[in-house]
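Here's the structure we're looking at; comments come further down.
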Amino acid sequence: MTRLQKLILSRLALGVVTLFAVSALMFVGIELLPGDLAQQILGQSATAETLAAFRAELGLDQPPHLRYLDWLSGVVQGDFGQSLASRRDVAELLSTRLANTMFLAAYAAVIAVPIAVVLGLLAALWRNTLFDRSANIGALSAISMPEFFVAYLLILVFSIKLGWFPTLARIDSVDTLGGALHATFLPALTLILVVIAHMMRMTRAAIINVLAAPYIEMARLKGVPRWRVVLRHALPNALAPIINVIALNLAYLIVGVVVVEVVFSYPGLGQLLVDAVASRDFPVVQAVGLFFAGTYILLNVAADILSILSNPRLRHGR
Amino acid sequence: MTLLRTAPPTAIFGLLVLAATLLIGLFAPLVAPYGETEIVGAEYLPWSAEHPLGTDNLGRDMLSRMIFGARNTVGLALLTTGIAFSVGAALGMFAALKGGWVDQLMSRAVDVLMAVPPLILALMLLAIIGPSIPNMVGVIAVIYLAPVFRLSRAAAMNVVALDFIGAARLRGEGTVWLLRREILPNISSTLVAEAGLRFCFVFLFIAALSFLGIGIQPPTADWGSMVKENATLITFGDVTPLIPAGAIALLTVSINFIVDWMLHRASGLKS
Amino acid sequence: MTQFTSFAAPSRRGFLAGSAAAGLALGMGLTPARAAEPQKGGTLRVGFTQGSTSDSLDPATYSNDFMFATSYAVFSTLVEIAPDGSAKPDLAESYEATPDAATWTFRLRDDATFSDGKTVAAKDVVASIRHHMGEQSKSGVKPLLEQIADIKADGDNVVVFTLKSGNADFPFIFNDYHLTIRQDRGDGTIDPDSRIGTGGYVIEAFEPGVRIELVRRDDYWKQGAAHFDKVVILKVGDAAARMNALMTGEVDLIDRPDLKTIHMLERNPNVRIHTQDGTLHYTMPMHVNTAPFDDVNVRMALKHAIDREAIVQKVLKGYGTVGNDHPIASSMPFYNADLEQHAYDPEKARHYLGKAGLDSLDVTLHTADAALNGAVDASVLFSEAAKAAGINVGVSREPDDGYWSNVWLQKPFCTSYWGGRPTPDLMFSAGYAAGADWNDTNWQNERFNELLVAARAELDQGRRAEMYGEMQKLCQTDGGALIPAFGQYVSAMNQKVQTPEKVSEMWDLDSQRFIERWWLA
């Protein structure tokens, strides 16, 4: 196992390097965007004089590399600075948003992942049956509509017609877990519908792919029942791509849900990031961007390690 | 043709829909009753003989826009997925085969790319370079390249660990040969399954971009943006946005029927 | 103070009431009558389109409706625009000018208090206004305050403004949402982030870009105002989400419903649509010092090649009126109703093109929906209509981000809009005067600029009406701004929400003072 530990350590170290690269990339991106914070906030009312005064106050008149290094030295000491626009501490700004984002992601994942994997397994087991086809068509139809449109349809049915769930996911107005689950049910359901198809189809494809291997044929000739073949022989060997696609979708649930946040007015990190990019609020963009990047990296390291553990050949090397 | 005869009805249905879409898209100016941007009457006219699907918010013929939309939407999606898959899969397999620092370098570069949320990355890149159609194809292709790379690398790693690759290496086969002859066939089903979905995600990605304010430039018609333009109607039970959304769904399901059939053939199962 | 009383200047209040009575086409008061007696109590929940995480309480940086409404609820201004369009003293008790309108004296109310109990003093006013002046200031209202030569506190209750030149409309400036009064920190400056205000509400919770919760102040000094016990403003950026939330009763009031589907929203028996004529107008400024727009005939050709009716019908869905290439709304004082209306006339456009010595014309119109929602559609319609006049208007869509910095004022022909200005002087000074920061057409008409200065200091209302009338004509026939339409402000609300019979129409929602003026049945 020391080999694995070394691997984990080296991957985490690499993750830190990746984070640096991401932060530099985001910084360059914001610098390249047309307009700066002063222009974005003053908008139509800007004049050359007020822009200059605003920039001086924010320190935007400093050369870019100095601003970046200044920010970086703060971060290394654990200080993410203040939002340029609202002068609030970035850490404070992020904390509630972060909790909201993680809550919604967990809500959707806890439901979506098991359903997707089980459906995928069943579809592979009962290949080309009515079940396989209808699961397939249902899942495909769900993902072939834009997220906001799925959300609108769910709102039409569950809020306007039936009146069961609210259209605004106002998590700030509830104080019990049950209340929170109720308030955020529609955004969670939207996300579940969006991610399920991808994971289900990949599970099915990976299993079917393995079913063609000679050792499966062997097992089957030995008279092992079909479900046992799928579960004991095919699944372990198909785990790597399944784990990867789950990791991708988990990452998506955390970092990619800005459209759902907008439709349900849910105060998550995605909207914060879009707002911060729109106003060129660099410390906020960096902090959210780094969190997203960190999440993504950790999920991937986890996925890679699990893939290795699931494949004896990779586990022991050669 | 013998191939087609063995195809299941679902695949034939898929092929028919795909062929029809491609033909309509290809000959859009001949098929469409009106021009793509031509204003032909009052806004939101009901369905009639003259305007089979009515008119849109500016009084343009809905059917004509759907037809031109087919051309733009499918063309864009084909181009984007084509670029993303040819480049992404090649790089992914290469990284898996080479391993070591080549793999590390490429994987880390892709990690950086993927670690930025795709919509944000697209918004930023398009705001920097301008939201023209070629730019959009380029940006979405770059964004999709990363997951394709990861997937093909992961799938290829499993293959690389198998003995026949070692055997081929010992035989002294070249990298390109290994990639094309040994690895690609063994991961193609995974890739094809992914491609079927990714292809359709392009429309959705464009729709999401127009939702956030940067999409295909008007007055160009494309299905994703047409869903967005008319989306608010659905909350009042008006079916207009279901037309482009339905077109996207139909094409998605059709393409994946074809994909499933190819997957089935590739797996060599005769169940 | 005594030195001014001897001048016996007319009170600005009486003076504007007079102009309204003189029938200067004040197109107000079309709102249907509602329950006459405001009731206290209840919680108003509002869904707003705008609002951003970058919002702060610093009055220099307000840039969206969310903060405008918040600002008026939590803080107050010296002067407010009353429903009849006059500048009514608010924190000020009265104001008066010297006869040359160059020195203005504001007397403050002595019962007005901050939410921490302190009385509002003259030094607070001075510090608050100074926050928007001087080299260090980044305030959006800075250019308007450049006319001020000096501000002085005269005792605890009087503030004296000395202007560089006379301005009969000076008090109107103080309705501006930037110019809310804060507490002097003791050193002549204000704490821009402080929540201590003089308004009817205090902030209970504020999460920028998400929501704000306001609670009524028990000790509010103003009578007959601030009826809701509690107000919650939520940012709901998506139009469909706003309308859904209104229909399901999760909010009571929304701004900017989607005009495409508003006829369906209207069918809901619990929902009422509220419109205000307002002063919002859409413009397509042409740089008059850049070819081909330097030829007035080209400008006139373009002004006749646009189908204004089509834009009002298709882009504004009927919620607007056609514009006549000058920025004065029919609801504003001194509106010139006698001008001939410019209309879509391809023949006339060709005629002007001929006078410019051209058979055809190629121009590029730069646009983005940042300029106004529907600007791109309006541009496409313009392009289609202009073809009949042999004019090819190429539509170039620009990114929303940075539009105001990179396109507006920079490109020779683009789309833009102007929000409300209460008086012709403020409107013309901001966007049409020679040397104005936002003169987006680079128009420099000598006669116009003479009239502008003369009218500003003129106290005779008949003379002023004549002067502003001529200026509107000059704009229309010579100016570089193509103004196709004035838009109505449209909002939608639950039937429980009550509005006064007359609301101020300058900006949306009773000029964003609805929190203080409206109530629940």
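Residue numbering begins at 1 within each chain, and the chains themselves are lettered A, B and C in the order written.
Everything that follows uses one rule, which is that a residue touches a chain if its C-beta (ideal position, glycine included) is under 8 Å from a C-beta of that chain, and two chains touch if they have at least 3 such contacts.
What you see is a predicted model, and the numbers here were worked out from it, not measured in a lab.
Taken as a graph of touching chains, this assembly is complete, with every chain in contact with every other.
Across A-B and B-C, the chain pair carrying more C-beta contacts is A-B. Look at where the CA atoms of chain A average out and do the same for chain C: the two points lie 42 Å apart.
Chain A and chain B, compared by their mean Cα positions, are separated by 21 Å. Distance between chain centres (mean CA atoms), chain B to chain C: 46 Å. Within chain B, contacts with two or more other chains are made by residues 127, 231-232, 235.
Multi-chain contact residues of chain A (touching two or more other chains): 33-34, 148, 152, 155, 160, 262.
For chain C, residues that reach two or more other chains under the stated contact definition are 240, 244, 247, 399, 401.
On the side of chain A, the complex with chain B involves touching residues 14, 17-19, 21-22, 25-26, 29-30, 32-34, 127-128, 133, 136-137, 140-141, 143-149, 152-153, 155-156, 160, 197-198, 201-202, 205-206, 208-209, 211-212, 240-241, 244-245, 248, 255-256, 258-259, 262, 270, 273-274, 277, 289, 292-293, 296-297, 300, 307, 311, 313-314. Residues 8, 10, 104, 108, 111-112, 114-120, 123-125, 127-128, 147, 150-151, 154-155, 157-158, 161-162, 189-190, 193-194, 197, 200-201, 203-204, 207-208, 211-212, 224, 227-228, 231-232, 234-235, 237, 241, 245, 248-249, 251-253, 256, 260, 263-264, 267-269, 271 of chain B are the ones touching chain A in the complex. For chain C in complex with chain B, the touching residues are 239-240, 243-244, 247, 258, 260-261, 264-265, 313-314, 369, 376-377, 380-381, 384, 395, 397, 399-401. Those residues of chain A lying in contact with chain C across their complex are 33-35, 37-51, 53-54, 56-57, 83, 85-88, 93, 96, 148, 152, 155, 159-160, 163, 166-168, 170, 172, 262-265, 267, 271-272, 275-276, 278-279, 281, 284. Those residues of chain B whose C-beta lies close enough to touch chain C in the complex are 37-39, 43, 57-59, 126-127, 130-131, 213-214, 217-219, 230-233, 235-236, 238.
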